[in-house]
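Two complexes, one shared chain (chain A), two partners (chain B, chain C).
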Partner chain A sequence: MARLVRKSPSLCTDLPLDNDDISTKLNLLRKLLTSCFGPTGKLKQVHNNVGGHVVTTSTSSVLLPAVSSSQPFVNLIKTSILNHVSRFSDCGLFAAALCLALTERAKQSGLGGNVAIGLNQHLLSLCVGYLQRDDCGCKVKLDFCSSQNLMTLARSVISSKPACVLTEQETLHLSRLAVQAFLLTVPCDSPGTVTLGRTVTVPVEGHSVLNSAVFPGLLVDITDAIYPIKAGTLNSNLLCTVLFSASLAGDLSELGDGIIEVHDGADPDSQILDQLLEIGKQVVKDEVKLFLCQKVIHPVLQQYLRSQGIIVIERLGMSLMEPLIQMTGAQPVAALHTTLPVKAYGKVRELTLRQFGSKTMLQLHPPGESAICTMVLCHRNETMLSELKVVCLKTEHVLRLTLREPSALLGGGCTETHLAAYIRHKSMSKAAETALELGCSQTEYHLGTEVFCRSLESVAAALEHNGGNSLIDLTHAHHWILPADVMREYGEESFGFCGCGLVESSPSKRWTYLNTNYTEFSPESLCGNATQQPRVLDSFVAKLNALQVAVETANLALDVRYIIQDVN
Partner chain B sequence: VMLGSTVINHQQHVGLQKLAALAGVTHSYLGPDKNLKFIQDDTSGGSALVCSCFRVLENLELTCAVGQLVYETVQAHQKVYNTGSGCLLFLAGAWSRAVLECLQRGISVSHIISAMSEGMDICLDVFRKYSISTDGLGVVQSESWTETSHGFGLQLSKKPIKAVSQAMDHLQGTGNAGHKPPNTGGQRKIKLSRHFCEAKSRNVSAASQPKPLNVAHIAEGLTHGCVSAMKLVVEINQIQSKNHRNISCSAFDIIKVVTCVLPGLPEDQSCVLPGCIVLLSAEQALVAHDLQEQHLKVALINGDLSDSFCHLGFRRPAGMQHVKSKMPLSSSKEEEWMVTVLALLLKLEVNLILISGLANQKMIQRCCRHRILVVERVKASVLKAFADDSGGVPVTYVTQLNKQCVGTQAKILIWRDLGSTGTEFSTAVNISSGANSGLATVILTSCVHGKLQALEDQFWSCAYRLHHALIDKSVLPGGGVIEMLCIHHLQKQAGQCTEGAANPYRGVVLCLMADGLIDYITTVMFNTGRLSKVKARTLVSQQLQDFNGHVGTAAKFSQLFLDSGTEDTAFISTVKPVRAPPMTIYDNVSVKQEAWRKALDLVFLVLQTDAEIITGIDQRTDGFIF
Partner chain C sequence: KSVQHFCFKHVLQTVCALEAVVLRSFGPQGGQVLFTRDTGQAMLSCSGTHILTALHLEHPLARMVVECVRKHSTATGDGSKTFILLLASLLRMIHTIACKEPNVSHTYNSREAAEAATARHLADKLLVFALEEMNSLVAKGVVPYGYCVLWEDFTTETQSLPHTNNHGVQKLLSSFFHTRLGYTHCDLISNLTCRLLQQLKFNNDQPSLALQFVNDNFPALHTPVTGFPISCSRLIEGQVIHRDFFSVWSERSLECFLESLQSLGVSVLFCALKQSPAALASAAQAEMCVVECISEDELSLFVKLSGTTPVSDCSTIEPANIATLTFCHRILLGVHRYDNVLVLCGPGEGQTDQYACAIQDAICMMLTTYGQSGKTVDTSSNSPPYQRGRILPGCVIPAGGIFEILLNHAILHHRHAVSESADIGIDAVPQLLANALLTVPQQIYSNNLRHFLQIQSRILRYLPNQSHTLHFPYKEEEIPVEGVSMLDTGLESVSCKYELLLAVLQCLRSLLRVDMVLCTQTALHARSQRLANISWEGTEDEPDD
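Up next is the complex of A and B:
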C-alpha cells in the first residue's frame, strides 16, 4: 500500500544578515577563527561526542571541516574559505577573519547593501592595484640568490601554528629542511617545460624534531616486512624496476559484487596464481631486480621472486605511486597481462636501509637527476606531529607559490595596517569624483572606506591574544604590539620592532592606537632601506587571493536576500 | 541526520584543572614503593588490579578531550619506553598547577610558555652535564664504592657533549645546503645523505672501542624497587652475553625476550630460561616427549594453518557459486587439503611447525599422530630468530613449503609438568633453534592471578630500563639526585633575572616549575611510607639550602633518600648495625628526558587551547550549536 507523506513547505529566511540566529552564529564563527590566528593563537580541540581521537589544532584546513552547521549561510562562507585553502594552503584564517569582519561591520554601519558591495569592490581593486605595483610599500622582492627570504617565509608559516609546540631551534631546523626540500624539487637542468618534483612526507612519532631530515629519492616503510631486505648488495648497477598498481593478491575482488558461477573442479584461485607466476617468470627473464606493488602481492609469487634474487616490496599505497612513477620512469602496470611491455620498466640507482626509531625504511635513490625527495618528520607525539605535517605541506606549497610570483608580503599585521593607511589616503584624495562614479554620497563613501579599513586593521589586531594593544606608527603605517603585562613606565620605547621586524622604534616615531582615528597620511615605503631584513613574511600569491576571496565572499553575503531551505 | 558541532568555552582554565586532577591518580605509583589500586566497574561488577599509571588510564573510561589527549600521550610513551609514564603524568599535573598559579598572577600565556621552555632547556642541560657514561661504570665500583659515589664529577661522560656538537655540525651542514641558490650547479653537490653517511661513519668509529660494561651494576642501579624483576633481566643478559661473547659483551636483545605467564605457582618460582617456552596440551606433550633430544626439522608459518586461511589483503568474492556437475565426493575440501599438507610435511620430514596464527584442530591432531608437533601463537620475533638460526624461511601458506624453507637443528626439551597447577595445559616445553640464538623466556609465576599482569609490566619496564641505558650509553644519577640538581639550577637561574629583561616573569615561572619537581621528590619520599609529606618537604628544602651545586652533595642526599627508600637497604640496616655499602641508583637519560618534555608539551597544548569543538550528533545543551 502506497503511503503518502505530506511534504513540509520550504523554509524561507528573509534578509539573513538581519536574522538574530544567523548573525550570532557568524559572530561566533568569527571569534572562533580569529582566536586561532597567528603564532600566539589559541588552539581548539576537535573531537566527536563519543570520545574519539582528539585533534588539537589552529589550522583552518583542519578546523573548518569540523565546523558543520545546519545553517546554509554559515556553510556558504565556510566553503568559500575552504576553497581558497585547498588551492593556496595559506592565509585561510586571514580570509575568514577579514570576510566575517567586513560582513559584520558593513551590516552595523547601516550602509545599503548595494552601496557597500560597490565600495568594497572598488577598494579591493585599489588594494590589488597597489599590491601589484613595483613600488608597493609592503611587498618584498624575493631574491633567489640567497635563501634568507625563503627561510624567513618558511619560518613564518611554521611558527604561525603553536600546536606544533616547537622551540626556536626546532623551528629553524624545520625551516631549513622545508627550503632544502623545496630546492630539491626544482629540477636543475631539464630543458623545455619545467615540471616541479615532489616532496613526500613520512611522519615518525616519538622522536625529537631535530631528527627530522630530507633525503633525495623516496623512502619506503618496510618495518613490517618479515623477510629481511639486504640493501646495498646490488648498488653497483642501475636496478631494473617494475611497478604494479593492480593488486597481485590473487583474488577476484576487482570484479565487483556480481555472482560468479564456477564449474566444480575448476579452481579460480589457483588459475589466477598461475597467471601471477607467469608474470613472475617474465619479470625474471627481463632481469628485473626490484618488484614494487601498490597493493598486496600473493605470498607464493613473492616467494618465487625472492628465490630469484628480486627485491619485493608490496603495499606501497596510493600516495607513493605518483612520485615513484616520476622518479623511476616506470609505467604502472594496471592489468595482469602476461606480456609486460619493456618500456614499462623503470630504473632505481641503489637502495639504502635507514632506521628511524622503530621504523625501518628503504631509500630508493633516483637513477639520475630527479626532483623527488622525502621529508621525514619527527615529533614527540601524535597530536603535534599531525599538526606539523599539515604545516609542512603548507610551507612547501607557499614556497612553490614564490615561483609563480617572486614576492612576499610583510607579515605580523604590517601589510594590513599599511594597506589600510594607503586606502585611507588614496580614497581621501579623490573622494568626490569616486563617490560620483560609484553612485553614492560622499558620506557613504567615507563610511564604506572606514568599514573596509577598520576590518583590515581588525585582522592585524587579531594577532594579539594576550590582552595587549595594537598600534600603528604614523610614518610607515606598520603594526606594533604593546603587550599587556609590560610595565607602563617603559612606555613606547619598549616596542623594539614592528610586527614584521623591518622598522625599529625610535624616539622620533609617533604611534596611535589602531582603533582610534588618525589623520590620513601617505605611508612611506622602506624598500630602499636594506639595513633590516623582515623577520616575518607572508606568501604574496596566497594573501592576494585570500584578500580577493574575503571581499568577494563578504559581498556575496551582503547580497543574499533570501535563503530558501528544503527541509524534507 | 543533521550534523551539528558544539563549542564549549572554558571560562577559567578548566583544561589545566582537569589535567591536574587526572594526574592525581598517579601519586601512589611514583618511586620504588608502589601501592596497588583496585579499579571496579560498578555496572559489570568486573575489577582490575593495577600497578602502573598506564594501566590505570587503560582501565578508565576517559571521554573528555583532555583525558583523551593524556591517554594518547602516555600510550605513545609507553609503547616506546615501557617505563616512566607515572613520572610523565605526575609532572604534567604538577606543572599545570604551576601554570594555573601563573595565570592567577596575571602572567601572559606567551611569557609562561617562553619561560617554561627555557626551564626545560635548563633541565635538559643539567641532564647532559651530569649524565654518567656507562663505559667502565661499576668497574671501579666493585673496588670501593665511596670513591665513585663522591666522584661522579670525574666520571662525567664527554660523549653526550660530543654527540651534541656533532649534531650541531650536522645542522650547520644542512643549513649551508639551504643557503645555496637553486640555479647554480653547485647546489646538487650538497646532499643531505652525504652528511648523514658521514655522521654515521663517525659514530661507528667512535663506538668501535668497547670497554667492559658492568651490566649487572647498571641494572642494579636501575632496579627502582623491582628487585625480583630486575634479577630476571640480569639473568637474561647473562644468557644472551654468553652467546654473543665474541661480538659484543653488552648485548641485550630485548626483541628476543619472551614472557610466559604461569598462574598458580608461588612467585619465587619465576625464572629465566634460554630458548622459547611454550605450553602444550596433553596430546601434544606426548609428541614432544618422543621428539626430545633429537635434531628436528622445523617449518615456520607466518599465518594460520588451516584450509580456509587467506593471506592479508586477499578478499574472497562474495558471489561465488559452484556449479556441480556430479555428486559431491565423499571427501570434503578440508579433508583433501589435510591429506595434501600431511603428505608434504612427511615428504619434507618436518617434525616441528611454528605458527604465528592458529591451526586447524583436526590438523593438529593428525600431525600428532604422525609425530609432528604444532605450536600456535608464536611471536613474530621468535619466528625471526628461528629463521635466522635454523636456516628456515617463514612462509604464509603451508603449501609453500619446500626443502629450502625448512630449518634444521631445532631442539625440544620438556621443561616441566604442569599437571598439578590446574591449567588447561599439561606441559611446558622449551623449544630452541639449536644454535645460540639469544632467545630467552621469562617465566612469571604468581598464586594470585590478578597480580600476573602487574608482574609482567614490572618485568618489561625493568627490561626496557636496561635496554635504554645500554642504547643511551649513559645514565643519570638517580634517587632524586638529578631532580635536586635541576631544582637547584632552576632556582639559581630564577635568581639571576635582570631587570628589564625580555620576560619580566621568568624568575617566577622558573621557581614555580622547580616547585613542581620538589613536589615530585616529596611524593616519592612520602610513598616510602617512612616520612610524612611535611617532613619530606622540610628535608628537601634543607638539602637545597645546604646544597652548593656539587654532585657530591647531591649524592649524599641520594644516600639519605635511599636509606628511607628501597626495602633491601632498609632491611640490611636493621639487621646489621654497621652500614652495608648502599647501592647507587641510576635513572634513564632518554626516558626521563622524553617523559619531562612530553609532560610539558601536554601542559602547553592544554594551556593554549581555549575551546573544544565536538562534532557529530549533539545531545548536550550547555554548548553552542552552530
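Up next is the complex of A and C:
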C-alpha cells in the first residue's frame, strides 16, 4: 500500500523588508562583508561546530558559502553574489556591499518599492553607459606593450586579500609571477581561434613565498617514485610519450555489474596480466620513453617497463589529464584491447628534476610552443597557502578578463566616488523630464538619486577600517583617506595621493567629507596627462558586472513582498 | 470531529486570506514572492498559481480553490491572481446579500443554512447568466473597443524592425510579462519572446499550430544560464544541445556499427544514453563526434526539426535515421560548453526558472488568444448580423482594468434594457456580477483611487448610447478609447479574460454547492492540524469581516 504523507502548510512572511528579524540579519551580513573589504580588511575565521579545519579568510568566495542562513531572503542575496563570483572571480565583496547598502538605504528612504526599483534601474543604465564610453574618467586603457598596468592589476587583486599575509616584496614577486604565468598561457602564433592554455598550481607548504616560481610545461609529483630516474634518460631529444586514461591495474572494476563466465582452468588474472604485458611490449617496440597513466599501473607491468628504460608515472589524477593532452599532443588511451594507434603517441622535449623541500617534481618540457605552465606556490603555513592559492586563481582569471576588454577601472574607491559625482551631476541636468518618464515626482527622483550615490560612496568609504575619514576632492571626484591619527587640518601634508594614486594633492584642491552634501559638479577626467600611473586598478569586466548584479539583486530584494517557506 | 458542516463564513475567510497573499503581487504596485521548496531551493515568482500551490493549504475548500486556479491557468496561462480577486469579491457580495435576506424560505432550521441556500441559489443564477449572456455581452460591449492583432502582420512586418515596441503582439506580451516579472525586465523578455516566435519560421501560417509547437518544445528551446545579468539573455540560432562534446577513441565490439555509420557518411552521432568511455570507442578513429546524454525533450525536438527517426536497434541503420546539420559549433556560456535558441540569463537559478515559466505561460496565453476560432453563440436568425456574439481570434483590449469597466457598463446597460419588460428580482444577479468586476480596476489603482475614477469616467464619457453603430476596428489607430491609450498600459487578450470569468463563476458555484466536508481520520491528522494552526496565524493578516 502506498504511504501518503500529508504536506504541512508553508510558513509565510508578509513584507520581508519591514520585518525586524530580516532587517537585522541583512544589516549583520552587510557589516560582516564590508569589514573584510579591501587591503586593510579584517580577517574572518571559519570554524565548523565539530572542530577541525579552521579557515582564515577575507575572500567572498570562501566566506559566503560558510554563511548559512535559514532565511531564504538572505540566501537569495548570497546566491546572487556567489554566482557573480563564480563567473568573474573578482569584486564579490564590492557587489555584496553595494547591494546591501542599496537595499537598506532604499528601505530607509521610504520610497515606494516600484519607484525605487525604477530609479535604480535608470541610474544603473547611466552608470553602465558612462563606464563604456571612451572618455570615461575612471577608466584606464590597458597597454599590452608594457606589463606595467597588468602588474598593477595583479598587485591590486593580491594585495586586497590580507589573509595571505604578504610583505610588500612578496606581493610584488607574486604579481610578477601571475603576469608571467598569464603571458605564458597566451599562445603566440596560432592562427584561427585562439585557445588559452592553462596554469597548473602546485602548492608547497613551509617555504618562503619568495621561492614561488613559474615553469613552462608541467610538473609532476614523483616523490613516491621508488627508483631514482637516471640522468641519462633525461636529455635525449623529443621523448615519445603514451598517456593512459584507463586503469592498468588489471582489475575488472570497469565491467560494472556484468557477469563474467570463466572456462574451467582458465585464470582471468594471468590473462589480464598477459594483455597488459602485451601493451608493454608494443610500447617498447614503438620506442616510447615516457609512460603516463591517470590511474594505477600493475606493479609487474611497471617493473617490466622500467627494466626497458622507460620512465613510468602513475596516478596522475583527472586534473592533470587535460593539460597533459594539450601539451604533449597525445590521445589518451581508454581501451586495452586494441593495438595502440600511432597517432595516440605524444611528444615531450625534455625532463628536468626539481626539488621543492620534501617534494620531488619532474618537469615535462613542452615539445614546441605550448601554452601550458605550472606555478609553484610556496607559503609558510597551510591556512595562508590555501588563501594564496585562491588569490592566485582569481588573479589569473582577472588577467584573462583583460583579453575580453582591454581596460581597467581605477581602484581605491576612486571609481565609486567618481561615478557618484557623475550621477549626481547628470541626474540634476534633466531632473524634470526624467522624473516624468519614470513616472515619479521630482522629490522622489532626487531622493532615489541620493540613495544610489550615497550607497556607492559608502562602498568607497568601507575600504577604510582604522577609523580614518573618507573624503572626496571637488575637481576629479577621487577618493581620499584621512587617517585617524592625523590632525583635522586640510593641509597639503595630510594627503599624499588619492585612493588610486593618480591624483596628487595640491594647495589648490578642495575636499569634502564623503557623507556630507556638496554642490554637484562635473568630475574632470585625468586620462589626458599620463604623468602619473595609477597604483591600484580593478578589473573592468568584473566590476561592471558586479555593479549590474548588485543593483539588480537590490532591486530584486526590494521587489519581494512576501515569503513562502515550504517546511516539509 | 470528522464532519464539518458547510459554513459560508469559512469559505469567505479562506478566500479572503488567499486574496491577501495574492494582492501583494497584483497590479502595477505589486512585487514578487520568494519561496523555498522543501528541497531548500529558493524561487521567485509573481505567478498566482505558483504562489497558491506553494502555500500547501490544509483547508479542503482552499485546496479546491487552488485546484480550480491551477486548472484555469494551465489552460490559458494567465489570470490566476485576478481569479482569486474576482472570487473573493463575488463571495463578499453574495455574503452581504445573503445576510440581508436570509429568510427566503422558512424551511431552513438555522440562519446559516438559510444563508448558504441563498448563496447557492445566487451562484447558480450567476453561472446561468454568464453562460447565456456573457458571450454576446462581451462581443457587443467590449470587443468593439478592442482591436484585432493579426498574426500575419506580426510574422512578416516586424521582421525588419525587431526592437520597436509598436506591434500588438509585443504589447500583449509586454503587459503579460509586466504582471509576471515586474516592469524592469518585461520589455526585454517580451522582445526576446517576439523574436523567438518570429525566427521560428513555420511553413504553416496557422498561428495556433506555431504556438503549439513552441508550447510543446519549450524545454528544449531554452537554456538557463546563471550568474549573468538578465540583460545578457539573448537568442541564438540553432539548437542548443546541453552537453559537452566527447572525442572518443577505440574498441572492437562497436567497429561494425561504426563502419555502417561511416558508410552512410555520418559525422555526428547523437545518443540519449550515457556511453562508457571504454565501451564507446573507435568513433574518434572514424573521425566522428559523439554527443551523449541528450535529454528526451531535446532529442524529440531534433527529430521533429530534422525529420529523422531515431535508431532503436543498432543492427539496422537506414538513411532515414540520418539528418543533415547545416552547422554545428560549440558556444561558450559561462563555464558550460554547449553545442549549439533562447539563452536566458539571470543572477540565480530561481530567476532563470521564473523567466522560463513566464515565457511558457505567455505562449500558452497567446495560444488561448489565437486558438479560439471565433466562438459563435448568439446566432439566432432573428438577430441582426452586428449583434452576433463573436470573439475573434487575436482580439485584444487595452490593459489596466478597461475590460472590466467596459463589461460592467455593458451588463448594467443590458439590465436596463431588459428590466423594462421583466420583473425586478432578476436584476440582482447581473448587478452583482457588474459590481464584482469593478473590484479588479479598483485594486489596480489601489494606491490612487482618484486615478481609477478618472479612468472610469473617461471611458464612460466616450461610450455611445447605442454601441452597435460602431464598426469593428482592425487597426490600432482606430482604438476609440483614446484617453486610455495615452496611459500606455499595454494590451490584454479578450478571450483570456472571458475564459477567466467563466472559470471563476464555475469555481464559485462548485464551492458553494459543497454542503458538508467529511474528514477521514488518519494518524497523521493530529500533527498536521497543529501545523495548520501555526501557519494560518501567519497568513490571515486581515481576515475580513
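FYI, the second predicted complex is superposed on the first by the 532 of 568 C-alpha atoms of A that agree within 3 Å, B and C clash if a C-alpha of one lies under 4 Å from a C-alpha of the other, contacts with A are read in each partner's own complex, and residues count from 1 in each chain.
Following the convention adopted for this analysis, contacts are C-beta pairs under 8 Å (C-beta built on N, C-alpha and C of every residue); 3 or more make two chains touch, one makes a residue touch a chain.
Since the model is a prediction, treat every value here as computed from it, not as a measurement.
Participant: Evaluate whether chain B and chain C can sit on chain A together after superposition, giving fit or clash.
Facilitator: fit
Participant: Under the stated touch criterion, which partner chain does A:342 make contact with: chain B (first), chain C (second), both, or neither?
Facilitator: Touch partners of A:342: none, neither chain B nor chain C.
Participant: Once the structures are superposed on A, label A:68 by its partner contacts, choosing first (chain B), second (chain C), both or neither.
Facilitator: A:68: touches chain B, not chain C.
Participant: Applying the touch criterion given at the start, work out whether A:432 contacts chain B, chain C, both or neither, answering first, second, both or neither.
Facilitator: neither
Participant: Which chain makes contact with more of the residues of chain A, chain B or else chain C?
Facilitator: B
Participant: Which of the two partners, first being chain B and second being chain C, lies in contact with A:383: first, second, both, or neither?
Facilitator: first
Participant: Between the C-alpha centres of chain B and chain C, what angle is subtended at chain A's, in steps of 10°?
Facilitator: The vertex angle at chain A equals 140 degrees.
Participant: In the overlaid three-chain picture, which partner chain does A:28 touch, first (chain B) or second (chain C), both, or neither?
Facilitator: first
Participant: Taking the superposition on A as described, I'd like to know which of chain B and chain C A:180 touches: first, second, both or neither.
Facilitator: The answer is first: A:180 touches chain B but not chain C.
Participant: For A:318, using the defined touch cut-off, is the partner it touches chain B, chain C, both, or neither? Pick first, second, both or neither.
Facilitator: neither
Participant: With both complexes placed on chain A, how many Å separate the closest C-alpha atoms of chain B and chain C?
Facilitator: 10
Participant: If we count contacts the way the header does, which residues on chain B are in touch with chain A in the complex?
Facilitator: Listed in rising order, the residues are 2-7, 61-63, 65-66, 68-69, 72-73, 76-77, 79-80, 106-111, 117, 121, 167, 171, 174-175, 177-183, 185, 187-188, 191-193, 196, 302, 310-326, 380, 383-384, 393-397, 400, 404, 500, 504-505, 594, 597-598, 601, 604-605, 608-620, 624-626.
Participant: If you look only at chain A, which of its residues touch chain B in the complex?
Facilitator: 25, 28-29, 32, 35, 40-54, 56, 63, 66-71, 74, 144-148, 150-151, 162-163, 165, 167, 173, 176-177, 179-180, 183, 186, 188-189, 205-206, 210, 213-216, 226-227, 247, 249-253, 255, 257-265, 268, 295-296, 298-300, 303, 307, 315, 352, 357-358, 363, 369, 380-384, 465-468, 483-487, 490
Participant: Tell me, which parts of chain A touch chain C in their complex?
Facilitator: Interface residues on chain A, with respect to chain C: 5-16, 72-73, 75-76, 79-80, 83-84, 86-87, 112-114, 117-118, 121, 245-246, 254, 331-335, 337-338, 341, 344, 545, 548-549, 552-553, 555-556, 558-568.
Participant: List the residues on chain C that touch chain A in their complex, please.
Facilitator: Its residues touching chain A are 21, 24-25, 28-38, 42, 44, 51, 54-58, 182-184, 226-231, 248-252, 276-278, 281, 284-285, 334-335, 347-351, 447, 522, 524-525, 527-528, 531-532, 534-536, 538-539, 541.
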